[in-house]
Amino acid sequence: MPFEDKGFAKVDLHRALRKGFPEVVLGEGKSPEQTVVIAEEIYKQGGTLLITRVGQEVFDIVHQRIPEATYHPLARAITANKNRDVTLRPGISVVTAGTADLPVAEEAAVTAELMGNKVERIYDVGVAGIHRLLEYLPALQKAKVVIAVAGMEGALPSVIGGLISAPVIGVPTSTGYGASLQGITALLAMLNSCAPGVSVVNIDNGFGAGYLASLINQASSETPNI
Amino acid sequence: MPFEDKGFAKVDLHRALRKGFPEVVLGEGKSPEQTVVIAEEIYKQGGTLLITRVGQEVFDIVHQRIPEATYHPLARAITANKNRDVTLRPGISVVTAGTADLPVAEEAAVTAELMGNKVERIYDVGVAGIHRLLEYLPALQKAKVVIAVAGMEGALPSVIGGLISAPVIGVPTSTGYGASLQGITALLAMLNSCAPGVSVVNIDNGFGAGYLASLINQASSETPNI
Amino acid sequence: MPFEDKGFAKVDLHRALRKGFPEVVLGEGKSPEQTVVIAEEIYKQGGTLLITRVGQEVFDIVHQRIPEATYHPLARAITANKNRDVTLRPGISVVTAGTADLPVAEEAAVTAELMGNKVERIYDVGVAGIHRLLEYLPALQKAKVVIAVAGMEGALPSVIGGLISAPVIGVPTSTGYGASLQGITALLAMLNSCAPGVSVVNIDNGFGAGYLASLINQASSETPNI
Amino acid sequence: MPFEDKGFAKVDLHRALRKGFPEVVLGEGKSPEQTVVIAEEIYKQGGTLLITRVGQEVFDIVHQRIPEATYHPLARAITANKNRDVTLRPGISVVTAGTADLPVAEEAAVTAELMGNKVERIYDVGVAGIHRLLEYLPALQKAKVVIAVAGMEGALPSVIGGLISAPVIGVPTSTGYGASLQGITALLAMLNSCAPGVSVVNIDNGFGAGYLASLINQASSETPNI
Amino acid sequence: MPFEDKGFAKVDLHRALRKGFPEVVLGEGKSPEQTVVIAEEIYKQGGTLLITRVGQEVFDIVHQRIPEATYHPLARAITANKNRDVTLRPGISVVTAGTADLPVAEEAAVTAELMGNKVERIYDVGVAGIHRLLEYLPALQKAKVVIAVAGMEGALPSVIGGLISAPVIGVPTSTGYGASLQGITALLAMLNSCAPGVSVVNIDNGFGAGYLASLINQASSETPNI
Amino acid sequence: MPFEDKGFAKVDLHRALRKGFPEVVLGEGKSPEQTVVIAEEIYKQGGTLLITRVGQEVFDIVHQRIPEATYHPLARAITANKNRDVTLRPGISVVTAGTADLPVAEEAAVTAELMGNKVERIYDVGVAGIHRLLEYLPALQKAKVVIAVAGMEGALPSVIGGLISAPVIGVPTSTGYGASLQGITALLAMLNSCAPGVSVVNIDNGFGAGYLASLINQASSETPNI
Amino acid sequence: MPFEDKGFAKVDLHRALRKGFPEVVLGEGKSPEQTVVIAEEIYKQGGTLLITRVGQEVFDIVHQRIPEATYHPLARAITANKNRDVTLRPGISVVTAGTADLPVAEEAAVTAELMGNKVERIYDVGVAGIHRLLEYLPALQKAKVVIAVAGMEGALPSVIGGLISAPVIGVPTSTGYGASLQGITALLAMLNSCAPGVSVVNIDNGFGAGYLASLINQASSETPNI
Amino acid sequence: MPFEDKGFAKVDLHRALRKGFPEVVLGEGKSPEQTVVIAEEIYKQGGTLLITRVGQEVFDIVHQRIPEATYHPLARAITANKNRDVTLRPGISVVTAGTADLPVAEEAAVTAELMGNKVERIYDVGVAGIHRLLEYLPALQKAKVVIAVAGMEGALPSVIGGLISAPVIGVPTSTGYGASLQGITALLAMLNSCAPGVSVVNIDNGFGAGYLASLINQASSETPNI
């Protein structure tokens, strides 16, 4: 199984075969130069690129080397894709409790879209005004998988999980203050969901949720979209 | 301001004047003998007695000394009241997410009833089947104060707080397992409620919730019920 | 039940009917532009506006669109109210342990005032010099509800709760250092209050305390002040 | 949406329609009597019954009322199913790091089997002897979803997640001692998986993992198995 | 510097010279046999013996070997002293917030008495009824050092520390439940005391408080009492 | 008991009588203007001033109003004292484990000196080179009270506590990284000291340690030095 | 690489080749029957057996099947070894702070002895009486590796690490109470050791320390002792 | 045993004799001036210098005084060595899970190199693509000791520990986000390694790992390399 040794990184060229999608670059903790070197290698081999948790200044460097790359400022993600004319598969809904959860939700949505899925965004329907959520119940009941993004008390995945039969992926966010403990409270709450069918990813891990949602959504098809 | 010195305890005889209700005995951490001595002194002076967190074996001893005392096995509380013919004031609803929350809910209900309130019990209406809660919405909207008892993800106070205008007292319970952390998760979730009008008491503190609910419910009347 | 969909936010236009007060905007975690759009919608519909946790720079933008808005720098809050000639209802006291607790106390006071209450401020009466608190005991005993704001060991709600019969809302603050754990210590201490009648809101959540105090204070009246 | 009010419980008779599977009874925290009453009602309505976290003594009571019920001692679960001749759908593998993880793994397997899935069990293949896991790689690569059960450092989901393209559900267990913190360490580790496609449920929550795995596995079929 | 090697223990025979008091035996974690062997060696050499955290069954064994030993059941401590006719030095007050704090307070008192101090006990004067504490203010103001024992919110040392000029030793206790976190809350609160002159020992460490109080009380004298 | 009400602060003019030393100003969390107003009032009344946790910029403002004030940059403290010709009482040693602990140690030393004590500084004698500490053993054995300041594993108070008979005040510092948890580790370690005679103050609380050490040191004298 | 599949366990028959020592059985969390089946397989293949964390009742079953097995009650371990006439290699010292640390120390010692090392035991030399430790300094300085076992403040590895040049393996124990947090405090303290050359294993993990010490001790020899 | 007293520091001149290597300067928490004074003293005496956790600006000052000093920007360390012509001893491998772990790995490598070891660097071979690690298995099996550096779920030491017989030193890093808790998760995971032969140092403590690895690697030689 091949990989490309760059010294500071061993780019996993076999990832797309093994996992169905090339290696994704977590920008945080890497220098812009390291990020670019890894990104170029992945894109050259696989034709699909996702870099998460980077600012505009990293994009400016990446863009010089990969002109077709796009920056998603709210999601803080860079994408590039040589296979542009794929038909997107519907089935994923991304839901947030509040407006402050949008950056994480967008990271999830951008990831799922790059992986060939059509994403329905339902934002700011938290439990303080539950009629807003109930208004979207028909849409949610049609989803094959729902990503529920929430900070503070993190109740959204439980409430959605009680209403629909599809899997719900809870994404706790670090919004809130004080006893929200930078998202630990929402994380713990989601792990204790009284509604079955709910699982959880790391705090602010929109990427992980979008990736997993794509795996679940693509499972119902003969040939995956990537 | 007088108190009675029993050596191991200084019974606060002035409590009823200052607080509107006599001293309450927390049975946990006291020997049965200590509990009885304190209870007798309070009952003699004030004519109203509440002992919390005690088993049947403590009641058997108390009962010998205070024959009109009653044991509430689910709430694990002892009450006695010389002023039996008071008309109970409606306005307090006690709601639980699940069946395992009943002991805490009953401690709250017994406390509020002893303090002169009529309590409506709405049990097992957690968010995994939210239609059960919505069924009771008309009843909840009439309440002057709602006690919402929940373990696990502790979402109930937030959801109720989003639906009604009365104050909601959240009581986290130590039910659940693993990441419920013996009620810490529910406690943190309730403190981060996105719905305003919610405050929180200690884990499993049904007594504290019932007491506070009575204060709020009695506030709307000229003369308190005790 | 109506709401206004702004994409990044679904403004809850039904909140005032359901809860007796319009939706409140938590400025933290929102961009200034998002904040303004939401604020305008709420103010247009309900005539009462509260934005919390914002700086002067957000106010400058809001002010251009809502000229009658006022900025409260200590509380870091923006208010606007079309119904200016309401008579304020007395009954709420806001008490702090120290001077560093003032921003949180002011957020509580500004909230309660906007909701139609007259607020008595009693600042810097912590337990290190308890005679300062006892001096204000007559005033506290007249209150219908007391908001007790404290960091460090958070003992103030317990001490007040032992002295008066009205409900006490404890607000832990993130003042202090080291083992204060950014307010966790005060939060835990207040949750363990040995005095009944005390409940707690999130760390630094002056808004939540002010809102709840208003609910309790208005309960004793036929028609709420808003 | 109907439910049956038993006082201490409101049995959710609409669950099977909404969620595709009837309400499941968490035995822990309920008295045997409460458990039986709820179980009978569910079984009468839906013909499928799952009770988790109960001992032999509860089964003895349930068995008197539901003679076709079966007890799974390792999983500590009771099942009953009127629709016995369903063909089980393959696609779920349950993997454990060690022998001590078997009770949680069996709870997952029993749940998935009751929901109409064929389960492949691969037990005791933790990373201390990774050749054991690699031996089963062909089998794992054929799975539609993998449940990875591990305590201690909880590395198994990450390693499996790096090797296959199907979703991996991590189940941390409370095995281990000292700094395993009753499963918190495994939980945290799984949430930080460097391999994408991994999500996590509560500590020891075999039921939740089995339920979710069934949802994912059934998604690829026209008509669900239950 | 000599010590006696017993294999499982090296009894520190030099402790009395270095520290002014012989080695004290922490019974917890030792077998009764180990405890007795160590105790005999210490008592033989120094004539003063203190064993903490032991039950009646250990005392029965010790008593056979050291007939003049005394068991203090509330404190769960064994003492023996060959120098019985020492005049006790006044100056130490042991104060508790509640009745459940007595075992820890008694461990402190027994320790201080064995070290030659006269101890004034003021029990059950917690802040829920602060007039009880104020009643004893003249006594407290005469103390050279005060041991303040409290669980739950642990406010007692702060309040006493604000009222007197002598050092206050806070002893958090593991009484309480839920968010008391087995005494962690009281410990944290005491460490954040807003009143100067307060220091803290481990949860339930009555012995440590009594020992330290003796050091401080004896400091004002030419010759220590032991 | 008088105090001066400044609105944002109630200056405790009675503190010196009650506690033997005037109110001390914690600069952190107060605006420079608030700090100056409080400081002036205290200094006018008592002639002794201590402000802790302030930078040079606050001193510049204070200095304009109180020309005899001195800034201690390492301790980040301001002092002023009208009673300059007091003879300092020897007896306090301040010891640090490392160089990074000096700011906290100096806060302790400056406090104790202002309160009339002569302080011996023994810096950088941590347990990694225990011969450095043993070199100073004769000096330590002469002390009436020792302040032991340490971060990281916080072993210094235990080691000193095993060597001398005077009280040891442990001050954990927030130096270190990773699992030092900003001083929590050192705090916990000191609370578990196996050597008796040790008590602990808050992380980085040099002031509290210096204040308490002065109380203990002055106890051995007829008339306190202030 | 072969293993033996027992269903509930896959016995790693290749472990001795890969790691130089056969698989070790952690008895905790396994039924006695499971333990025996695994143990027999390992012993049959490798001739060396170590089972940790088991009581006498497990030994009684093991002994029937492996008559040459020995039970070490203090260590709660079972050993068996067909290669009895190996010369033990000196170089490992096991040191404890107190008597309560002996069970963990013995688990370490038994492990190291089984692996072919001669172990010197130096028990009860904690820092409260540091002269006891210094007495053994010449012995410690001759060791190739030292295992330092301590609970409470866990200072022992730091102090030893400052005195010798060999590696020190810290083993925190769960002895102590209150803020010892079942060994977390000692663990954190050891991780923050100011003396280089110290590393740490899990709380109470005597086996891990003994195993690692053997690896280090054997490294200095041409041919390992097993 | 001599040391040099600089007031703010007591430079341990005896360290090299006692420990085999001179005192190392932890730059963090010291002023540049303090760092330089200590460094010069150590270098003058021992001819070998290591300063950790310093930026370029500290190096600029050190360089003026010690011209032969070298700055390692990735490791943030300064080294100087008068004994340049030592033959480096092979045997240490430093392995990282990801690219973001390089700074910590380099601190370990620089330390081990300065102590006379040849270091093999194997970077970015985390478990998400385990074939990369297996590719280096022959190299790892030749190592005398392996330093495994990883953040997030920290699984690397366990996996390596299961594959080789040499000791593995786990170094958790603070890379990652959310539930990585600044390295606490990786730390806990490594402490719970199911593979024997693994021990752990503090989060980000590359120095400690490099130092310990050198001790172990040098143990197999007659004369240490320094």
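Letters A, B, C, D, E, F, G and H mark the chains in the order given here, with residues in each chain numbered from 1 onward.
Note that a residue touches a chain if its C-beta (ideal position, glycine included) is under 8 Å from a C-beta of that chain, and two chains touch if they have at least 3 such contacts.
This structure is a prediction, so every number in the text was calculated from the model and none was measured.
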Both-way neighbours, i.e. chains that touch chain H and touch chain E: F, G
Chain copies touching (chain D, chain G) - same or different residues, decided at half shared: different
Option in D-G, D-H or A-B whose residue-number contact pairs overlap B-E by over half: D-G
Greatest separation from chain B - chain, by CA centre: H
Distance from the mean Cα position of chain G to that of chain B, given in whole angstrom: 51
Distance from chain F to chain D - Cα centre to Cα centre, in angstrom: 57
Inter-chain centre distance, chain G versus chain H - centres from mean C-alpha coordinates, in Å: 26
Multi-partner residues of chain E (at least 2 other chains): 18, 98, 128-129, 162-163, 178-180, 184, 187, 191-192, 196, 202-203
Interchain contacts, given as pairs of chains that touch: A-B, A-C, A-D, A-H, B-C, B-D, B-E, C-E, C-F, D-G, D-H, E-F, E-G, F-G, F-H, G-H
Footprint of chain A on chain H - complex, ascending: 98-100, 102, 123-125, 128-129, 131-132, 135, 175, 177-180
In the complex, chain D residues that touch chain H: 97-98, 126-130, 151-155, 158-159, 161-163, 176, 178-181, 184-186, 188-196
Chain A-touching residues of chain C, taken from the complex the two chains share: 1, 3, 7-10, 12, 14-15, 18, 23, 26, 28-30, 34, 38, 53, 172, 174, 182-184, 187, 202-205
Interfacial residue positions of chain D with respect to chain A in the complex: 18-21, 24, 144, 162-167, 169, 187, 191-192, 196-203, 207-209, 211-212, 215-216, 219-220
